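Each structure below appears as structure tokens.
You will see two complexes here that share subunit A, one where it goes with subunit B and one where it goes with subunit C.
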Partner chain A sequence: MNYDANTYTIKDSGKIGTIALVLGVVFLGISVLGYMNDSAHFFLNYLTAYIFWISIALGGMFITLLHHLTNATWSTVIRRITENMAATMPVFVILFIPVVFGLHELYHWSHAEVMDPSSPSFDALLHEKKGYLNETFFFIRTFFYLAVWTFFGYMLRKISVEQDSSGKDYKLTYKKLSAPGMILFALTTTFASFDWMMSLDPHWFSTIFGVYFFSGIFLSGLTFLLILLIYMKSQNILQNVVTIEHYQDIAKFMFAFIIFWSYMAGSQYFLIWYANLPEENYWFLYRWGNTWESVSMLLIFGHFVFPFLTLITRAAKRNIKLLLFMSVWIFCMRFVDFYWIIMPTGMNEDGSRVAFDFNMYDIAPIIGIGGIFFWFFWKQFTANAIVPVKDPSLNESMKFQNT
Partner chain B sequence: MSSNNKDLTDLKFQDELLFAGNPTFGSVTEDVSKVVETKPGQLWYVLFGISVSLTLMLFSMIGYLFWEGTGIWGLNNPVGWGWAIVNFVFWVGIGHAGTLISAVLFLLRQRWRTSINRFAEAMTIFAVICALLFPTIHVGRVWLLYWVLPLPNQMEMWPNFRSPLLWDTFAVGTYFTCSLLFWYVGLIPDLATLRDRAKDKWGKLLYGIFSLGWRGGNRQWQHYELAYLVLAGISTPLVLSVHSIVSTDFATSLVPGWHTTIFPPYFVAGAIFSGFAMVMTLALIARKVYNLEHIFTPKVLERMSWVMLLTGSMVGYAYSMEFFIAWYSGNEYERFAFINRAFGPYAWAYWIMITCNVISPQLFWFKKFRTSIPILFIISIVVNIGMWFERFVIVMTLSRDYLPSSWDYYSPTIYDIGIFIGSFGLLFTLFLLFLRFLPMVAMAEVKGVLPEADPHHGGSH
Partner chain C sequence: MGIFKKLPGLTIAEFDSTGSLLHAAEKMAEAGYEKYDCHSPFPIHGMDKAMRLKRSPMGYIIGTMGTIGMTGMIALTYWTNTYGYPMVISGKPAFSWQAFIPVIFAISILLSAFGAFFGMLALNKLPQLFNPIFGSDNFAKVTNDGFFVSVEANDPKYDEGNVKSFLESIGGKNVEVVKGE
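Here is the complex of A and B:
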């Protein structure tokens, strides 16, 4: 890999991309074995990996939209990265196909008999939700989410890359794109979380679920951003462009959103625990009993207590080694969060909930989807300068100081 | 095209353009201190007279309430919580803007906050005082209020730590203490300025005592800045926690329409929304009365309108989520609660709420409305009304419980209305006294963001 600090471009970057692609294809191949081993488990697992990676892309989109809407200048140096994270959406459109095939395995509401009053397995409660939980509408919605995200991911990157050559100031164009983008982002991520995750257990409902998903999206995006930045730093890329001041600011966001995530998760848990209504508390009960206790505890201590205590000081936020460790740690915890939401909803033959069972097949879709995602990301990212070179606020961003 | 260019220049030099008329260190001190040092105009006395009268009405009605009991309100069965709880949540919410501006925006490096933070914090403190009044008088036997505190006593009786009403005591108490400290710490350098300028004996003595021997030395500033940062860090979680706790008053119950998981963040967003509206109202009045148009500039007001647009949309999001999930739950009681809100006997209140809180701030998408002072004033009032109705709509969920034979309609009595209006009198009395005796703009902070404060100011590099 060859980095040119004058033009901010990475040349002959192919190797990393190729490795990612090969890993992606090989591990997606391995997950086919997982499918043959236990198809129900596989689909849940695939969905977990899919949502885990798409939340990183969405995190990139959110950071970019936020940057434009708030007139931020400090984050101009990292904007090209987040733009390219968001621009990976076409990958996720393709990778959704297995979920389509797994629909009946994943979503109990998609079974025709539960909606059929004459059937012995008729479910009156689900019948009430038929207007929303039906296959046609589900696919229309999913198509809409992916289309919206693809559009905004594409446009944000396109305008920015155009600026590299034209040198015009697109501040107003960005804003006009980002304002409706943010509204659509809020609505699509909310309903995507309802459709893809909450409806796995179609009886359960929680009004905060969309915000809970959002808090995690932002965190996922930040961890990926930090890991990538620190990796590039080790390769002497973007030295003196992304400085310790930027790391501190990203770490502040990470710290804040660790708290925000815990606030969301805590509110949801606390209110349901307190009211103790059988129609909603069971969702937590089968995540507490049935061998899932350790995962629940890991989430509390690993996703909140430990990062909260570690990242609290200014010195910690300016310590690159610690930040690398913490971003990898939180990156893993993001996966635990999705795993904890999605996997326990699986059912055994007799209708009881599945026990915790993390096996070697579980790793395959994570690396598989991750590899494809990273290959596509890296290909687009290195195709142009890795900072928005002609952005008027770039200079100010590079000189940014935390006061 | 020319307007685009202008906008870009503004953004680029936003810090320098925050204040109009090229103020200097000297002119800021002069403009702000003048308000305190000169005798107020007739308008102040008129406003103060009205406010004090309303406050006296408040206290006499509270006196009657203590004598007669809460039966003088429109409370009925099933609506055991009436206007008192509505007003409590309303006032606590108002307070949030002050803390958000002083603490959260400080941590987010939003320098436009400097002109409004002082009196927003003052408003916080007075609003929390108004808020605390309502649960206090709502307990009925107010002389037993100390029972909510975990005091050791011979009765061996402890408050119920599982009760959200007890958490309120702690949450709002903590909030009040921290806000007061934060406000006071921020005031010290400005009090010292007033002390140094004071000509009469009382001014010298009182400003002298409360400025704690401030001399403006390097060391003092260092400690001050650190203390300010730490207090901002402590206050930030309080912005979230207080209204989250207040929301649990409703959300931990089993009442359909109250028990919903989005309540904590939804209440916080609503609180900030209503608080910004109130700050806007007060700022627009103050800048007119005291000729401070060059400090509370349209730039600052425009930024406030952005926050209102954001929080107003969040509140709109929460309303839709509640409605959607009530339907999605498939639970007929949940569904009924929301249909009843929108189309039942309180539909009028519900649609006032939607119009004021969700629709009206959407006007702020347009620069024309964000920069028009009359429109800002009207919307800020409209939002205040809407946010009061939000709490009213939530509380009135009680009026139709599980048993149709017990359904009832809450009609406020003259005492409900009088005590609520009286609480405005209390707020404005305290606020006018604050304007009279304390610097309403944080002079030291405003100076910090003036071009003059830039070490390179006037230099060629």
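Here is the complex of A and C:
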């Protein structure tokens, strides 16, 4: 890789993009084998991987929107990375196609017979939800979410890249875009989590689910950002631009959102545990039995207790090696979280819930979609300067210091 | 506590800008002064480093208090619900820890806040109703546009003549000796 420190450009992006694309295609190919092996399992795996990676792109979008709305200056040096994470949405539009084909395998409410009063498998509760949970409306909503995200991801990056050549101050333009963007972001992510994940078990409902998903989105975005930054640091890229102070700030966010995620997960669990109503508590019961206990425990200790205790001190947030380990750790935990939400909803043929069964087909779509995501990300990222060179607050951002 | 302690006199010197104050702070630390302070109308980035201040122990005070609150509350809820007054509520086990997360959390936060508030007062030697430094009329500028360095008379290196000439040599103006209580 050939990096020019004066113009902040990566001249020769090397083989990384190609490797990512090849890995992506090969592993998507392997997951097709998984489809032939067990199609229901495949679609759940695919959805897990899809939501895992789109949450990283959405995390980048959220950080960018937050940066513009709060007049932040410290994050100017990392803004180009988060913008490009958000600009990968076209990939996810295309990668949604398999979910469309797997709709009947994934979502019980999409079966015509559950909505048909004359059928033996008629489900009165789902029939009541028909106004919301029907295929047409599902596709309209999904189209809307993806359109909104693609638009904002594209626009945020486009204006920023334009600034590199024109040198104008687009502060107000960014804000005019980000304010409605933030509102739409909140609404679309909330409803996307309802549609894509919560409706996998259509009888169950939790009003906090959207916030729970959002807390995870931000964490996913931050871990990807940190891993990428530390990788680039090892390649002598952005040396003296992204300093230890920036790492500390990202780590602070990561620490805060570890707690926020736990707070949301805890609140969701707590109320359901307290009331102990059968129509709500079964969601946790089949995750706390049926061989899923170890995954639930891993989530509590790996996604909260361990990172909380590790990242609590200032010294830990300023230790690059530890941060690399922790960001990779939390990155994996993000996968476990989605895996824990999505996979146990699978049904055996007799109508019982599937047991925990982790095999190579669970990994394949993650690497597959990740490879394609990263190829597209890297291609756009290296096409321009990797920091917003003409941004008026860039200099201030580089000198940023924690007190 | 600050209220009851007689405070020593001070020598103060004025500086023009944040830059010269930072520079002066570095020089003071280099010369080995211990009981000196820098005064400015607003916080200055890098001042802690220039004065070679150690990091505040606040974090450890708060952390300890929070841990005491958490363990204390776990012990209390465990003891009351298992031995003190066990009751079956909505068919749940005697010690249902989930129900006590809010109170464990809240008491940890309360004790942390106490630690932060009283720890801050103790570390700042507050409450202190008067400081001899206010005896200087020129020092009133510090809330507006003045930058000052003060050296207390009980500094081991303190010697009125030497301090005066040293402060002048590092760029201090209007050097003034303020009497103690």
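Keep this in mind: the second predicted complex is superposed on the first by the 402 of 403 C-alpha atoms of A that agree within 3 Å, B and C clash if a C-alpha of one lies under 4 Å from a C-alpha of the other, contacts with A are read in each partner's own complex, and residues count from 1 in each chain.
Just so it is clear, a contact is a pair of C-beta atoms (placed from the backbone, for glycine too) under 8 Å apart; a residue touches a chain by one contact, two chains touch by 3 or more.
Because the structure is predicted, anything quoted here is derived from the model rather than measured.
A.B. asks: Putting subunit B and subunit C onto subunit A via the overlay, clash or fit?
C.D. replies: Clash.
A.B. asks: With the two structures laid over each other on chain A, which partner does A:Q401 touch: subunit B (first), subunit C (second), both, or neither?
C.D. replies: Touch partner of A:Q401: subunit C, not subunit B.
A.B. asks: Count the residues of subunit A touched by subunit B and by subunit C, then name the partner with the higher count.
C.D. replies: Residues of subunit A touched, subunit B against subunit C: more for B.
A.B. asks: In the overlaid three-chain picture, which partner chain does A:Y274 touch, first (subunit B) or second (subunit C), both, or neither?
C.D. replies: In the superposition, A:Y274 contacts both subunit B and subunit C.
A.B. asks: If we overlay the two complexes on their shared chain A, which of subunit B and subunit C does A:L228 touch? Say first, second, both or neither.
C.D. replies: neither
A.B. asks: With the two structures laid over each other on chain A, which partner does A:I341 touch: subunit B (first), subunit C (second), both, or neither?
C.D. replies: neither
A.B. asks: Just checking: does A:L238 make contact with subunit B only, subunit C only, both, or neither of them? Give me first, second, both or neither.
C.D. replies: A:L238: touches no partner chain.
A.B. asks: After the superposition on A, what does A:N71 contact: first (subunit B), second (subunit C), both or neither?
C.D. replies: Only subunit B; A:N71 stays clear of subunit C.
A.B. asks: Return first, second, both or neither, reflecting whether A:V161 touches subunit B, subunit C, both chains, or no partner chain.
C.D. replies: Once the two structures are laid over each other on A, A:V161 reaches no partner at all.
A.B. asks: Touching A:M85, do we find subunit B (first), subunit C (second), both, or neither?
C.D. replies: A:M85 contacts neither subunit B nor subunit C.
A.B. asks: What residues on subunit A does subunit C touch that subunit B touches too?
C.D. replies: After superposing on chain A, subunit A residues 274, 403 contact both subunit B and subunit C.
A.B. asks: Which residues of subunit A touch subunit C in the complex?
C.D. replies: 266, 269-270, 273-274, 276, 312-314, 401, 403
A.B. asks: Looking at the complex, which residues from subunit B come into contact with subunit A?
C.D. replies: By the definition above, subunit B touches subunit A via 4, 7-8, 11-12, 14, 109, 237, 240, 244, 248, 251-254, 259-265, 313, 317-318, 321-322, 325, 328-331, 365.
A.B. asks: Where on subunit C does subunit A make contact in their complex?
C.D. replies: 43, 45-46, 48, 55, 59, 63, 90-92, 98-99, 101
A.B. asks: Write out the stretch or stretches of subunit A touching subunit B in their complex.
C.D. replies: Interface residues on subunit A, with respect to subunit B: 71, 125-126, 128-129, 132, 169, 171-172, 179, 183, 186, 190, 194, 203, 205-211, 259, 263-264, 267-268, 271-272, 274-275, 277, 279, 392, 403.
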